[in-house]
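Below you'll find a set of structures to go through.
Heads up, the next two complexes both have chain A, just with different partners, chain B and then chain C.
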Partner chain A sequence: MTVQPASLAADPMVPRRFRVDRAWSEIDGVRSMELRPLDSGPVAFEPGQFNMLYAFGVGEIAVSLSGDAAQRDRLVHTTRAVGEVSRAITQLNEGDMVGVRGPFGTAWPIARQTGRHAVFVAGGLGLAPLRPAIYHVLANRADFAGLTLIYGARSPQDLLYADEVARWKSRFDVEIEVTVDHAAPGWTGRVGVVTTVIDRALAGVDPALVSAFLCGPEIMMRYGVMSLEAAGVGQDRIWVSLERNMKCAIGFCGHCQFGPTFVCRDGPVYRHDQIAHLINKSEV
Partner chain B sequence: MQTHGFEEILSRHPVFAGFDGDTLSLMAGCARNEHVQAGAIVYFEGDPADRMYLIRHGDVAVEIGTPERNPIIVETLHPDDILGWSWMVPPYRHMSQARATTDLRVVSLDGACLRRKCDDNPALGYMMFKHLLPHMAQRVRALRLQVLDLYGTASS
Partner chain C sequence: MTKGQTTHGILKDPTLLVAALMADGWRVIGPKVRDQAIVYEVLDQPDDLPRGLTDSQSGGLYRLEAGQPERWFDYVVGPHSWKKWLFPARQKLWTATRLADAGFEIEVSAIDWPKTVFFGVRACEIAAMTVQDRVFDNGMFRDAAYAARRADTLIVAVQCARSAETCFCASMNTGPGVDEGYDIALTELAGISGEILVTAGSDRGRAILAPLALPSATDGQIAAGPATTAAAAASQSRAMVPDIARVLREGLDHTNWEVVADACLSCGNCTLACPTCFCSDVEDVSDLSGDHAERWRSWDSCFSTDFSYVHGGAVRRSPKSQYRQWMTHKLSTWHDQFEMSGCVGCGRCITWCPVGIDITREAGTFAAHPHPAET
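== the complex of A and B ==
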């Protein structure tokens, strides 16, 4: 379901001005920033949605919302510097202005999973779009049968939100498995791809109770879905978040067309059984 | 430990759980318990690959090193994983180094003993092949994903 604040519903192409309240480095080349609206109006989004961030004079990109959706006065975005616009956004500091359109797109249906075991599978920066859904489960832990996070990154230095993940891990009511693709001696954690951890993490979990949410490189999600299916999790209980080149964010321009859908409007979060026939095609 | 103790351990292992009693008994004749202290090397690259290890407790880091750089951990193994495949493949030398990252308890099976029994008993050889190959294929698939360096340009 897409949330459209009243102030944006009239013209979703007009950015709203936000001030950078805080900005900080997460890992090499990745920064987070907390934004507050200049108009002091409320902000609202659902976990899994994204905003179009406009670096004035440079351009606009889609960036997922990675903060707590329960906080209605601020937005948090985590961005990796990969191109001209994202580099400009990662160079913003406290007091700088940024244009924001959104939120756009579909959300993780986490609020509808009461009584179920929420399994999050994140790869690399894929943890950022999942974090609002994780916050929701943590805040309402008693409503869920369980919470498992399986998180993979390239190396120990590339683990996003490492301190926060460590805090989650210290809780007795969540299961966190962290793995990296390679590490130097001294790393006492797990080394191996995220998909190899799924079997172990789900041992003892009733697959009929699992609702799984995946975000990361598409090939990781493809193999992750295969591992979940092998563990007995139905495709209608698996959601994935896709990334495409989004421009208008309202399904007009066609840049993000994915088969008969537009990722900006019909995604980025899809139930896997609805796109399984498209996701493995090389040209869609 | 009596061999029937090993038979029981093997029968509970995910890879060998489908083996019949006679086959497990043959394998148990090649087995022994080992304990490795945290930080100790289980085997070095180039060592004779004369054993296969079934991890019962503890963790192992599989490392590859070159003279120009520090070793890199390419895989960690955990309880119920199998360490050491090179005993099956000539020239029976380890292609990596294994280090216990915690105190480690394993059941180790003598590779030469297993090869001899497989040669004498092709049915055992086929069983080993049939059950070990999927496990090896899974590990190869995982390593292929690692080679892709998936997270290099991951999205936010």
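== the complex of A and C ==
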């Protein structure tokens, strides 16, 4: 007897095909692309989730969704070329085909933070997975007590979505602090790691109203959480997004285990008090 | 044995059951001797079933030895588990072919699984299948290929009449007696030569046994079944610490991890021999023309450094952290993930560890000296 597996669209191990509608350079080595579906199936996602992107003949990697979740007919991904697969993904151009599995993982619980002051802390490319949540707050600004974005990058040239961040900054109902580790000629903004800016950015904000969302290098998130806690923000009002090796994204391959959790399924977004006992241990 | 009500019969020669299954068109996968070990392979003829063998196992040691010549099932588990059939070490998931318009199409691999019986499944191995059933149907996603193989496979179990020195199923409540999850169970009665108690555990099993018209078992023979496995349980010298899940959850900084790591070779043998270890990798390959690509899924091990690789380096680089991941997952976080232990007490990880690391002894060390933390 030969058993046919579930239909292509329903099999979580089989990519669906998307067409690259647009592809553009962001910063050095980082490109974004907008994808439209060719095969059937839902395109909707929640802020904070990720997809597995497949470059034909090369391989598959996990990439966060960085577009607007309100646009339910397309996907936007921002990828840095660091390995073989991500390099192939960043070389895709308009008209090329890409395989997509997903969306997978937990979301920033941003829609449940009505009435609260949303604080986003991003480091480097960590702004990409936060952007859908920021879009949500921007689009529903009246539902929130405030919006603060604290964004750090290595240098001014490494600031992702710089034009868009500048547009956000021009709004009067948004507080944005941008900082770089190393300034360059012409830089008139702040210099210093993200954590040094948190205290200043939260001055005058009622910590009991803050819901904070962090994404960036683990060391940045660790110190960011410490700063937030020192400012009086409760651990149960802080969410972080973790990165681990992902092969299957459906809890079968075991690679992304973090303590008792699978990052692909129980993460990547965690409420900090649920992983605080693990995040400061090395090699977990 | 009469059809319907009576579920116990007596079989003198298990190859008769193998022959009957083969005649009925079943592919029979069962124990065979290869490279001086019991392995699970397709039986070509009923006589492939080994006889008169026993085994000697301890940390890092496995020897197949001559036993009582007339007995059939006095060896216990070898290096193989049924995992290699239900969850093959390498399987092709799909093939992608380049199209003329710069795109590609994907064809899902069909599952080739003929009518199959697993013959000679031990209690701990049924428990291991139950564990993997849960892993590959995790509430959100289901491995269709695994599920199809598992659902269609007939299970002929063997009740263990003896334990190896490495067995600790009794302390895991997974054996040595088979209580459920089988279609037919065979118990080679202790001390009574040539008598195998046959128990039907399902309608499928009953239907297969009916044409054999086995003589009914006496009350004495039926009672001798549990006595046989009870004796095997009583002979086990190893046991798992009862609350090991908590012990390990609280012991991530224990100094003993360093001690185990000094011995551990990070070879991954334990993960391959383990009947529940499920970690896998995917590999994308393409042909020289670049027009055809395939995705393969293959067993992986948390003992490899690549396993935890993320941009910037592997999360778990030291053997200490790799062993800790394996052992805490198996015995502690598995409960959080799947509401059961990942260990069934089969002892394979002890036998097939080249340096003889004993998971029960390590568990004992963690439990006996809780919380000596590193600096």
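Keep this in mind: the second predicted complex is superposed on the first by the 270 of 284 C-alpha atoms of A that agree within 3 Å, B and C clash if a C-alpha of one lies under 4 Å from a C-alpha of the other, contacts with A are read in each partner's own complex, and residues count from 1 in each chain.
Criterion: a contact is a pair of C-beta atoms (placed from the backbone, for glycine too) under 8 Å apart; a residue touches a chain by one contact, two chains touch by 3 or more.
Given the structure is predicted, the values throughout are model-derived calculations rather than measurements.
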Which superposed partner A:Cys253 touches (first chain B, second chain C, both, neither): second
Which of chain B and chain C A:Gly267 touches, first, second, both or neither: neither
First (chain B), second (chain C), both or neither touched by A:Gly152: first
Which superposed partner A:Val58 touches (first chain B, second chain C, both, neither): second
Partner chain in contact with A:Val30 - chain B first, chain C second, else both or neither: first
Partner chain in contact with A:Pro129 - chain B first, chain C second, else both or neither: first
Contacts of A:Val82 with chain B and chain C, given as first, second, both or neither: both
First (chain B), second (chain C), both or neither touched by A:Gly224: neither
Partner chain in contact with A:Val191 - chain B first, chain C second, else both or neither: first
Set of chain A residues, in rising order, touched by both chain B and chain C: 82, 243
Chain A-facing residues of chain B, complex: 61, 63, 70-76, 78, 99, 101, 138, 141-142, 145-146, 148-156
Chain B-touching residues of chain A, taken from the complex the two chains share: 30, 63-64, 66, 77-80, 82, 123-126, 128-129, 152-154, 158, 181-185, 187-193, 195-196, 200, 216-217, 219-220, 223, 243
Sites on chain A touched by chain C in the complex: 1-6, 8, 11-15, 17, 19, 38, 54, 56-60, 82-83, 95-97, 99, 243-245, 247-248, 250-255, 257, 259-262, 265, 281-284
Complex contact set, residues of chain C against chain A: 93-94, 96, 98, 102-106, 108-115, 135-136, 138, 140-141, 143-145, 148, 152, 252-253, 278-282, 284, 286, 290, 293, 295, 297, 300, 302, 307-311, 315-318, 320-321, 324-325, 329, 332-333, 336-337
